[in-house]
Structures are given as structure tokens and as C-alpha cells.
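I have a structure here, written as C-alpha cells, and I will follow up with some questions on it.
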Amino acid sequence: MSTLKPVLSRTFQLILVLWAVVTILFLMFRLMPGNPLAAYIDPTFTLEQQEALIRQFGLDESLLRQYFTYLGNLLQGELGYSFRYRTPVAERIWLLLPNTLILTFSSLIVAYIFGILAGAWLAWRRASRAEAFALPIVLATRAMPEFWLGMVLLAIFSFSLGIFPAGGTRSAGTEYESLWSLYTSADFLSHLALPMLTLAIYSQGLPLLLMRSNMLDVMKEDFVTMAKVKGLSPYTIVIKHGARNALLPVMTSFAISVGYQLQGNVVVESVFSWPGLGRELVSAVSASDYPLAQGAFLMIAVVVILMNLIADLLYTFLDPRISHA
Amino acid sequence: MTTPLVEVENAQLHYRVGSAVSAMMGLPSVVKAVDGISFSLNKGESVGLLGESGCGKTSMGRLLVRLENVTGGSARFDGAEISQLKGRALRTFRSRSQMIFQNPFDAVNPRYTLAKTMAEPLANAGIPKSEWRDRIIKALELVRLADPEQYLDRFPHQLSGGQLQRVVMARALILEPDFVVADEPVSMLDVSVRAGVLNVFREVRDKLGLTAIYISHDLALVRYVCERTIVMYLGRIMEDGPTEAIVREPLHPYTQALVAAVPTPNADQSHEPLPIGRGAPDPRNPPSGCVFRDRCPKAFDRCAAEVPASKKVGTRHVACHLFDEAG
Amino acid sequence: MKTLFKLASTSLVGMALLAGPTWAQDQIRTIHLLSRPQAAQPAEFQAVQLIAQEWRKLGLDVEVDVMPWEQMSSAVWYDRDKWDVTAWQMTGRPERSDPDEIIYNLFHSSTAESGYNFIGYSNPEYDAVVEKQRVTIDPAERQKLVRQAQEILAKDQPNMMLVHPEQAFAFDKNIWEEDSVVNQSGIGIRNTWTWLSLAPKTDQKDIIVNSSDNVIAVNPLYISGVTDSFITELLYDRLFRVGPDGLPTEWAAETFEWRDDKTIAVTIRSDMMWHDGKPVTAEDVKFSYETTTGGEAPMYAPFGQSISSVEIEGDNVVVFTLTNPSASFITSSLAKINLIPKHVWEPILADLATKEENAESYQEEMPIGSGPYKFDRWLTNEEIVLSANSGHFNAPQAERWILRLVPNAEAALGMLRSGEINFLTDFAGDPQVLIDAAEADGDIEVVSTVDIGFRYVAFNNRRAPFDDPAFRSALSSAVDRRLIVKAAFKGFAVASNSVVSPALEFWHDKAVVENFKAGPDIAKSMLDEAGYTIVDGRLAYPEGVKETLGE
Amino acid sequence: MSQPLLSVKNLSIVYEVPNLDVVAVSRASFDVPRGSIVGLVGESGCGKTTMARAFTRIISDNAKITEGSMDFDGKDLAKISEREMNDLRWRDIAFVPQSAMNSLDPVYRVEYQMHEVLRGRGGMSRSQAKARAAELFEMVGIEANRLRDFPHQFSGGMRQRVAIALALALNPKLIVADEPVTALDVIVQRQILDQMRALQRDLGISIIMVTHDISVVAYICDRTVVMYAGEVVEDCETATLLSKPLHPYTMGLKNAFPDIASAGTGILTPISGAPPDLARPPAGCRFAARCPFALDHCRSVSPTLMSFGDDHSVACHRAHEAEALRAQAALPETWGEIL
Amino acid sequence: MLETTVPEGPVIRIFRAMKLPVGDNFAMAGLIIYVIFALTAIFAPVLAPYEPTEILYTVDYDLASDLLPGQEGHILGTTSLGRDIFSQIVFGARAALLVGLTAAFMVAFIGTIVGLISGYYGGWVDTILMRLADVAFGIPFLPFVIVISAFLEPSIWNTVIAMALVLWRDTARVIRSQVLTLRSRGYVEAARVSGSSDFKIILRHIAPNIVPLSLLYGSIAIGWAILTEASISFLGFGDPNSISWGFMLQDAFASQALSRQAYHWFIPPGLAIIFVVSAGFFISRGYENLLFPKLGR
């Protein structure tokens, strides 16, 4: 009962936010200046052909009507037709989403494992020379433009050293039975390495700094002092009490990071020719393919919102002060 | 008989906690900080609001200076409903009714000099600037701060707790209000300086003919300051009457336990077990009927079924079913 | 507010404007020069920067507006009277080996309203010349007319012709036999003939090529993009193909015969099969041509518009009757329109006829053609795989043809060096970088070819001051083309003053290019002569002309 | 009389703040007899908490024990190695903190935290620990099934009982309790004090009770040590302290404290002024500035803690006049301005 | 009790009053970087030997392109388009300052106002504003800026406005929770009891306490804005008429600086971004917990 409550109320909130984002998206794309189809109407078209195209995309209806059609379609999981590809947007997006998710999650998992360990270590070595050296570097990694980092890594590890391939998810023409067999293949992993590393280097700063500052805070808590007074071993004190408590917000931040990372992917996917949602969004936007851009945007927004919810719930479930209220 | 200055009738202050969804699911979502409290104060009367943490005594005090508004019932000041005051009437009320806060270090803006802190009520009341300095010094003298001039340009952290609490008191009194709510004004202070602040409070109250409410969890302090005491428990009044009578012969089982529990600085005090069960009050989930019944050693069936009404017993009012047949 | 770092001169002008005296002559408004982004078109972007810099020296206030292709094309095509000047390009396609498409479509006044003459050029003398060359079948006669058209354009300067770029492509010579690469005139080594003849040296038998554009559709009835047409050309046969020499040659057609000016009979090969195993028939050919003009394929329709009827004679002869004699019919229609299987498309088209969508919106799961490659699979935004059709009459040497989608030039070059691709077919970067990389690598062969296509700056002939040929000529003369060739194209282009590429030797008018003189002084004196003067540091109209389009 | 359990001699603890040393505890001496409750009483900042922490040697990083000894059962807590000290911690010297809420790890069940001590420090098996935990809960009056709860699920008073149960886990000889009931309401406070007293009697352990509240001391402590500005100013049996205080500060403290048992509401008398800044302590007696009986001598010479009569130590130059001073001290006017 | 007073200069005192973490080496380093950065931006025309967009070429129409550092007086060489890299770096500071400061100002301003109103008034105003913040949290930041920048005219201002439209949320949430705490402070309640108007209370008691927080969020927003502008430029949606560091990187990559091994071209703008953005982080390091506000709701 007590665990159901936050889930319900947060889910309710999520639906509201989702609706608001969907509406903003709709307005954003419909109220843009100019004819949305302009880029796709060939000058040689007759007036009838032009009108047919406008009708085909339902752009002749009133704004309100378009809005309700759009909402109705969304409820059925339809995102309309791409202007450019003339095919259903949802189809393309479902094809690209797994690539984006695997990149996002693999990089974050690496970033979090490293960040948590390094953060705990730096907290342990607080006020040491190691810290004075490491902190500015960590802060600088968060200040790097991701695409720049990606390009530099590409230049070193791919162009110069030839260790990793320069882009894509697999070698030309290779075939896999399923996504799973693809994702577990050495070929895929070697393609994943550089973009994953780029994102991981950028992302590790958050868990690292968070872990470190939480550890430092926790180590000042009364219960840690009491653990010392109890004569418990340093391992118990630092790991079981310090790290365990410090981890809580770090775990929560993971979900939020997924949302953030998805946004960062937009640039990195373009650098590494990664066939994901971000690159699709960029190319759809440059091509004025409104329905596709809208669909890709919406999908990213949904993941962001979902992850915000999961972060909230994680916090609720992981902290016994809330879950056992 | 004069009309009372402060009249509280069945006042309620309910806080909503948790979301609308949890309310729909019937989970406890309301904390009844004040739940049906009635009393009145005549001009010049001072009363102690006594109770444990979470009993609603501070909320009650905040209602009377309009830091909160009643969610039910009424709280009137000089005949006017406090929560309805507007414009000019509200301004007048603000200058007539004041509050002394618990933590002196929190009650003054750390960025302000004491003169600036003291000037705030004056500015709000539209007192001409030329008079400020005199009035500030007069107020500081009133609370017996020696050599008040020296404090004007000081910052709060340069004063001791005792001194600062006097300044807080002076600020409350600078407009010569009729009514003051003092919320545990000495609980943050060391014992050796408490007495001074208490003595000043008593002196000023008598000098200005203040009507006062003194909020405290400490019966000994209430006894030192007020002739009348209202004992609260979980948002309700348990007992209301002359302090001495309550100290000597508490009627309500809760008051009895409370009086018995108060420690004294004497070697020869009773170590009898308290006439009360273990456990603690839970403001979110109070028992039905009498809110004290789950800890009351004398509780019987009726206590669970019915909220006891307040009954006059001698000079006192008691809300306990034990006194139902007495009348 | 928008331009952050205005040049000192412009701010001076701004101050002068604030003073607000009245001038005898109207100053010319700020001219907006459109360009595509640097990332997509570095050479064009650079050329535009240079041109803007030179024009500013004439006293013109120029602002460069950068936008991606789709936005730029809609700004220029859709609102034809709303833009000033734009950088533009015509890409070299095999069917443009015949000059008609360019000299007629781009400049004939009939296409100004909604066709390719988006600049609004209108000259009755010119119209007469290009109309005439269309129906002149005799080559020598026609050559004269085509050159005459070029001279008129040189005089009028409706566009500022810049260069014919040299396209650089590269391949891995460890993998492919160098002499199996075909260099098609005006097109380069990236062409269908190469994909057919490319002979593997090793076990690696896949041709792996790259594109920075996304593949939009694989649809024989939809002209969806340059990259997409590589694929359709391989999947679908045509009656003719433009050969490596730029002239049409028989393909699915075994023989052909002009029966008169307006009738051509084509005999099709008898041994052709669709990829699903069904034979290709004359019926299919007739169906293909009728579909093209039937309304469901608007983009292909112009290529079949001169056909009045298609008839079948016997088993394998198809007779086309034209509305007018057409000199370029074989190149522009018979070598252009894809042959599609009737049994596949008839039901699809019947279904589409009832809907808003037309055939351009239809993407087959598994496209069926009869061409030298078969469709294998398509991984969205990653690659398209075609495999060799061994039963084809001109079966390829390679096993598969794989198109990798690589959005940036840097990665494409990296992939070529690492072997992730073995034939660089799309390189938007600096050719010199490619050549240097090839030299360093040793295994890479770079081939560059002058393009049929060309780069130019289009003036909006409808709008003042560009409606004045003298003004256009002056602006065009302001920039020495050597600057564009060297500074923007790094030497990988030839200066141009004609829309007909020197790659089309027969049609190209050398004199037009050789006689063109440019330089700041020439431009200034031309403007002087036409009455344009500098008013307070800024170029102004001749007396009597008012600025009506100022902001 | 047997050897005291803990004997503190000349203990000084210094906080090293940049540019400056703050002597939080200055040459403090007192004994904790076996099986007794000793109160350590004083106002905020008097050094009582610092000293209490010193008995476990877990003090802030910038605090140093600069001199003196803490003789605990034959070992000097100030000198023994960290390893030896860690051996003593919780097995012999346990601690009850002021806020049990903050001193229990919020993410573990109480049972886990109990086992951590019983098994980790007491070497018990899982089943032994389980039984012992239940037994301890019973001792402090909590149902054993509540072991499965998280700390925040207990009320303030219950948490304090949990903290006491934890302290008792390994049968320590000494429990240091730092303001264990200060945050509690009077009724719960009284119940906890009763419990502590009962347990102390039953188990025969010693307790050091750190508090600012004389009434708590009066209620529960056998002996009381009064601290002022880092120094021990008086040390005797609680009854003696309340009836016959020798130090003017103790006398003043009593006057400032309201007494509900007294017949009327006499005037409470404050001690004017404030304690000195420990970074710059005055010469002479630290209380002199606030003391109505201070002489010139008091302001220049620091009094030492001396034995006066039976088992009664005091640090006052005028202790020999105490009888007379007490009489004067009872009069409010003695303390000057009462407002 | 352990408070000590050490004599301090007036600047340090002002910083302290603003709760800037002086004494912290990081924070000081950050402030110094900011000062250098601001001076560079202000004196850019003096420092830069060339106009950043000026195309340099010789009389023979050869571009002065791809020069190496030091060649012909170009400190950092020239780009493939024949522009002076050092001048671009210097003028890039101006663009960065402009983008950074305006975005930071808007983010801090909107966020502070929303947070103040939401926290102080509570009730339905709070509910609405915080739901709006939730919505803003649901909008993917970079994609949003891309869409706005691409569909409206590509200009630095559209980018800045798009950023402000989303990023106010973080500031607003933190300010709100800070206001909630402040609102229950004794001196604020005392002001209410003594009859001070809401406006006066906000202005005199609450605002001074949240200004440091606003500044902090502003300084982080400077970094975000510069990074975002760089990403936008890299993807080709940037303002082509302004030379920013992001534009330079885009230029370098589009011109294949990597293959040319023109490190002198693409490393300096990257470092410039890192330095300026880290400066904001350094300053905020003193407030580490505030760096990640979403976690402590």
C-alpha cells in the first residue's frame, strides 16, 4: 500500500507532463514560420499535386483538428508520416531506438562503475595531492564539448592507430540473427568502443563528484562517528556505512543521467555515424522533416520523462526512510 | 465584565500532507495541529500554553499573530476575526499583536545591524524616521539592555544569546502592542541567563499591561510566568485553569503524569513510576475518542467512543470522561 | 543585433543612416546572399565568403545567410520573388550529357513560373534559340544553336557562373584492379559502369562505398536524391544507358530505329528476368512508361512528357510516338526511365489510385527490378546491401555492392584508410587532403574528373537591382574566377562562364570562357557606365531608380 | 574504598584552529567509582561533551589530548595504542549519543546494526546474536519483533532505548551517555532515566551522564562533576552538591533554576554576564568576572581543584568561606541586577 | 565558539558577503579565468591582429590558408579558409561572453523570479509553476535548442532564448527550496508579524540570501550556454555570422583539420571552451551539492 502510493501519484504526474510536452511539441512544429512542406513540393508540381501533398499530410485541416488527430494517433502509437521518407515515423524510430539505448546504457554503466569507485577513492584520499590533481581534471571532462572529445578520440584511436573502426555499428555487410547476437558480437563491441568511451568520459564526472561529496558528507554523520566509537573495522565503516549511504543519491542520478545522455547522444552519434535517434533528429531537423523530427524529439522526451519518474521512484524505494514510512 | 481581547472558539488548523491521490485512497493525509480549541483571554491576562512537542501549542500561538489562518472555527482579536483582517485593520492588528520567537539567532536577520532590525516595525507602522532612534533606545532600555547605544550598529553574531533574546523582545515591544505571544523564549538559552530574560518578560508585561501567551513545554517555567495554564495534547485542550492549582492538584490523567514527570533540582525527589503508559503521541494518526486514551492508565470504553467535552471543575476546565458524572 | 562583428565600414554606414539626410540616388538595400553550411558544402561556403568580400568592395552591403539545403531550396523555389542572390549548383547526371536539359529548362521563360528557371530569366531571343535546338536533329546544326545560346547567356549574365568542379573519388587499389575502373566523361569514376566492371584482386569481393546523405527511398518512380539514384540505377534496367563517353548506348534495348522525326521503335532483349524470376516483357516496358506519365510519379513525369503513345509490336518491339521531334529523347527519356515489373506494381498502383498518396510514398519491402544488382537489405541510417545478379546480361564482377552512410567527410576518409570502405564515392572535403592521405597510405588511388555539373551564383532576375543585366555583369565581373578556383576549390575546378561543361567538348563554347574578363576595376567601371554611384560609401542606383524593397 | 573505574587526572584537550589554540578542557580531574552514575554538568561550551568523547578517543581531527591521564581499569586511555583502545571500545566503554536518530544508520534495520556489534565486536554466532538482541530489547522494554524495523520507524524515546540497548550489548563496564534525554519530552525523559537507573543497578555498571540540566543530575546521579569554561570547578556527591555547594557558580546555578516542588514562585536569579572566550581565557579564576564574591586575588590567580572535607573537591579561593557565601547567595540582591 | 576573525580586504569581504567561496583555490582559479576571459572579450579588437572573418590572400589569388603557427606572423596559423586562428580565438571570447552572459542572465533571472514566487507564495501558484518546471524537465534540452535554432533564423539570440526557455527549471527548483527554508526562518516570520509587506520581505530578507545561489547557477549556465552553442554550431545550426569557438571547431572539422593534423587549429578552441566552462564549475565546486540539484528533492 505504502509503496503503491508514490507510484500512482508520480505516474499521474508523468501523464500530465507528457501531455504538456506533447502539446508544446505540436505547437512548436506547427507554429514555425513558413509552409512546413515547402521543402518537399517540387516546383514542377501542379497546383493540384501540391494540394494533394498537403492533404496527404493532413495540413489542410484546422489547427485544433490537427491537434486532436495528432493526439488520437499518438494514443495508437502512430507518429505520422515522414515528409522526406514518406514512410511512417514510428517505424523508423523503433528501428533506431535500440541503437541509441545500447550506446546510452553501456556508456553510463561504464561511467558509473568508474565514477563510483573513483569518487569513493577520492573521498578516502581527501585533501591529498591525488585529489588536488584529479579534481580539476574531472571538472574539465565535464567542461569538454562531447563532439570535440569524440573527434580527438577518433583521430587518435581510429585514424592514427587504427585500433577501432571509424563509425557505424558493424562492419559492412555483416549479418546477425537478432539484436542480441549483434550486441554481443566482437564486431559490434569494437564499433561501440569509441562512442561509448566518449560518452563515458563525459558522464563519469557526475557520479564521481556526487559519490565523493556524498561520501564526505556521510563520513561526517553521527552514525559514522558512532561506528568508530563501536570499534568497527575501517572496512565496515567506509564501505558498509559510508559508501552504502553515499550510493543512494548516486543511483538515483543514474536514471536522470540516462535522460541527459540521450540528449548528448545527438552530437556524438553524428560524429561516430551511429545510426541512432539523435543523429536522426539532427538530419530530420536539417531536412525540415517536421513529423520525423517531432517523432524523434518525442521519443527522446518520453525516455527523459520516464527516467525522471524512475529516479523519483528509485529514491523512494532505495531509501528505507521513505519506502518504510 | 469586559469583553475578552482574544477569543478562540473551536479553532482548527489542519495541514494537508501527501498528495490528492493518497487522500483518495483514504490514507491519513491531514495533520490536525489544532483541533477544536476554545479559550479566551481578558486584557492583561497571561496564560501559559503547555504541552509536549507536537501538541499544537506553537501552531495555536501562530494562529493568534496570523502566521497561520484557521481552517475551521474562529480566532478573534478585539472582536474581529483575525484571518479576515485586511488593509488598515490588518496594519493596526500587526502593531497591536506581536510574537517573541524561540531562537534569537534565527529571529533577526544576520545581515542587519540591530538598529535596522529594530526599525522594521517602525517603518511598517509609518512612524516618522526622526523618531526611530529614540524609540529604539527606549525599547532597548525597556528590556534592560545596559548602555543601549552601543548595540545599534552591531550585528547579531556579536551578541550573546541572552542579549539577543532581549533585542528580539524589544523589537516585539517597540510599538507597544496589547498582545504578545512568546514561543519558548528561553529554551535555547543557558540556564544561568534564562532567569534574567524571564524576569524582564514579567516586568515588561506588568509595566505595559500586556495580554500574553507564553508557550512552553516546561511546567516550572510556565508557573514562573503565568497565573493561568492551558495544557494541550495532540491539538486539544486537556485542562485549563490556575497554574498553582494545576501544579498542586492536576485533575486530568495526562496533567497528572506531566506534573509527576517534571524533574526538580532536589536530591530527594520521588522515583515512583509515572502513571502513564509507554509510547508516544502520533499526530498523523491520533486515536479515536479521547486522543490521550492509548496512554491513559484510567481509560475505559467510553474514552474510545466519544471525544470528551470540556467540563468546568471548580476553577478549572477539564476534558476527561472521568469528570462526566461529577457535574 | 544579429550580426555580431560588423565591419567598421558598415557601422559607419549605420551612423550615416542615423543622420538621415535625403539622397538624390537611392542606396541599394542590404543584399542577402544565401549559402549552404560549411559542414555540408565547404567549397561553396568559402566561395560565398569570398564573393561577399569582393562585392563589399564595390560598396554593396552583403549579408550571408547560411541554411541547410532543404531550407534553402524551399526559400528559393517556393518564394520565387523573395530572395536576392543564392549560391547554387547543378549536379552532373548522366542524362545531363545532353545540353538540352540545362540550356532549355534553366533559362527558357516558360519554366520561370514553376519550373527550373527559378531565377526568372526571360529573353525572347534566347527562347527562340533553345526551342530551335530542341527539334534540330542534325548535330552540326544543333551545335551552332547550343553555342549561340551560350553566347547570349554570357552577355546577359543571368547567373554568375563560377566553376565546373573536379570531383575526386578514390578506391583501394589493393582490392580492385585499377584498369577495371571506368571513368565516365563528366561524371567520374563513381558510375554504374564501374560497379559492373570493377574486378576484385583478392577474396574481398564487396564494393563498399559511402554516402553522406541519407538514403531516402529505393523507389523506381521517385527521384528522391543523388545517392538514391545510384541504387535505383543498379536495381532497375533502362532501355538505354548513357555510356562512359557521354553518349547513350543500348541497354535493355537490343536495337532501335527512328521511323521518322517523331517515332522510334525499340527492340528489347529477350533474355531478361525480374529478380523474382519472372521474364521481362514488352508489356512491362509499356507499363513502365505509362506509369511514369500516369500521374502517380510526378517527379518522373517531365521525362516522359514528350511521349504521345507507346505501342507494342509483336513480342519484343516497343514503339514510342512523340508529340514533337526531340533531339535529346534517347538520353533524357529512354536512358532515364526505369523499367518496372507490371505484376508487382499494377496492384500497388491500383490501390494508390484511391488514396491521397502517390507512388512516391510507396516503399517496397523488397524492391524488384531486373538490373545487374538485387536488393538485399537496408539497415536504416547504416547501410544498404545489394548483391550481384549473376543472371544479368551484364553481370557485375563483384559479389555485393554495399553503401555505408557516413555523415562526415573526416570519418569517410578514415574509413577508406582503415578499409571499412574500399571505394570513396562521396567526399565533400578538401581534395588535397584526400590526395595527401592517398600518398601517405600508398594503397589508395584518387581520380578526379571535371564535372558536367557546375557551381554558380544565381541572381534573382525578377528583383532590382538584379533585373539590370549591366548590374549582374558588373557583379559577376567583380570576382576573378581564379580566386574561386584556388581559394574555394583548392584548384580542383575549372573556371567557367558557360553552363555547358568543357567535359561535353562537342557542345561547349570555349570562346565564351576565354573572353570573360574579371577584376574589381572592371566591375567598377561597368557600374560607373551603367550609372551606379557610391553615395556615402555605399553603392546606389542610377538616378531615377528607387529602392522599393528596403527593409 | 575500591579503585575507581575511571580516574581522570589533569586532562587537557586542545582544538587547533589556524593561528590559535582553543583549550576546550583544561587540567580536569575527577573519578568515576565502580557501579555509580556520575553526572558531568555545565553550560554549553564548557567542555563536557569534548571530555566525554575523549573517553572513547574518538574526537575531531583537530582536537588533541595535550596532557593528563585517563586511568581506566589500569590502562591510561590517553597513552595506550590505538589497537588497545579499539579493543576497549564498546566492549568496555560504550556510548549513548544525544540523538539516537542520527547515530543509527538510516539504511539498515536495527537488527543489522545490533548484529554488527554483537558479531563483529562480540564474536557471537548468528543465532547467539539473535538471542542476545532480543534479550537486550527486552531489557530496555521494546518488543523483540521491532528489531526488524528501520531506525526512523521508532519514536524519539524508543530510539533512545535502542541506543541504550546497543550500548549494553557487550556488557561494558562504563557507559558514557551524552545528553541522552535532552531532546525528549519530560514524560519520556523520566521513563528513560528510570530505565537507565534500573539497568545500572541490575548490571552494576558505571555511567557518565553528560548534561546541562541539574534536575536530571539531581534525579539520577550519585556524584556530580560541575564544569565551567573547560575546568572542573566542583566534584562531590549529588546530594551534597545540591544542599551544600561550595562553588559560587554551583550556588548561582541553583538559584537560576525553577523548582516546581518549591512552595511558591520565588524570584529566579540569573548569573549576569557570559562565559569567557576559551581562545583567550582570562587570568585567574574563569568565573571571577561573573562571581559576586570575586576578590582581586581571584582575578589574578587561578584556583586549583582541592579537596574540601569528605570526598568534595572544589576550585575556589573562597571555598573555606562557603557557609557564609551560601547564605548570601540565597539572596537575589547578591547577584546584582536580576533583570 | 571557535569563530575567528582574520583581517580581510574589501574585495574578499564582498565575496564573502555574497557567499562566494573565497579561500578555496579552485574558486579563485575560476574567478581569475573569468577575469582573463572578460578582458580578452572586451579588448578583442586590440588584441586580435586581424578581423576574425577576414579572408587573407595574396595578389596571385592564393589563399593564405593552412599556415602553421608562427608562419607569416600568424601566432596560431590560419584556417583552410585563410583566416587568422588567433584572431578567431580572441573574438570567440566575445561571442562566448555574449552567449554565456545573456543565457546565464536569463536563466538566473527567470529561475530566480519563478523560484521566489513559487516558494514564497506557495499554494496553487507554486503548484502551477512547479508543474511547469516538471514539464521543462521533460523537454530534452539539446534537441529543443536544435529545433528552435534550426527553424527560426540561425542566430545566437535564438539559441540563447531556447536555452533560457528550458534551463530556468534547475535554478527555479533550487531557489524555491531555498526560499521555502528562508520563509520559515524566524526573522522572516518576525517581519511578517511586524507588518512588512510580501514585497518588502522578499526584497529585503529573502532576495539577498538567494542572490549568491542565483549567481552560482548563472555561472554554471555560462558553461552550459557555451557548450550548447558549440554543439549547435558543430551540427551546423549556429549563427554563421558570428565567430564563436563552436563555429571554429565546426570549421576545423568541416575542413578536416584532423586529417591535416592541424592541432593548432582544433585544440585551442577546445581548450578555450574547457577553460571557461571549468571556471564556472570551479567556482561552484564550493557548492558541490548544488551542482546536482535534481537529486535532493
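Labels for the chains are A, B, C, D and E, by order of writing; each one numbers its residues from 1.
Operating definition for what follows: contacts are C-beta pairs under 8 Å (C-beta built on N, C-alpha and C of every residue); 3 or more make two chains touch, one makes a residue touch a chain.
These numbers were taken from a predicted model, which means no experiment stands behind them.
Both chain D and chain E are touched by A, B.
At the far end from chain D, in terms of centres built from Cα atoms, lies C.
Remark: chain B and chain D have CA centroids separated by 32 Å (rounded to whole angstrom).
For the pair chain A and chain B, the distance between C-alpha centroids works out to 53 Å.
Per-chain Cα centroids separate chain C from chain D by 93 Å.
With each centre defined as the average position of its C-alpha atoms, the distance from chain C to chain E rounds to 44 Å. Of all residues in chain E, those that touch two or more other chains are 150, 236, 253, 258-259.
Partner chain E is touched in their complex by these residues of chain A: 13, 16-18, 20-21, 24, 28-29, 32-33, 135-136, 139-140, 142-148, 151-152, 154-155, 159, 206, 209-210, 213, 217, 249, 252-253, 256, 259-260, 262-264, 266-267, 270, 278, 281-282, 285-286, 288, 293, 296-297, 300-301, 304-305, 308, 311-312, 315.
The touching residues of chain C, when paired with chain E in their complex, are 1-5, 7, 35, 37-40, 42, 46, 49-50, 53, 63-68, 408-410, 413-414, 429-430, 433, 436-437, 480, 482-483, 486-487.
Against chain B, the residues of chain E that register as touching in their complex are 3, 17, 185-187, 189-196, 204-205, 208.
Every residue of chain B that touches chain D in the complex is listed here, in rising order: 52-53, 144, 160, 162, 190-200, 203, 217-221, 223-224, 247, 257-267, 269, 271, 273-274, 276, 278-280, 282.
Considering their complex, residues 56, 58, 86-91, 95, 97, 99, 102-108, 116-117, 120-121, 149-150, 152-153 of chain D touch chain A.
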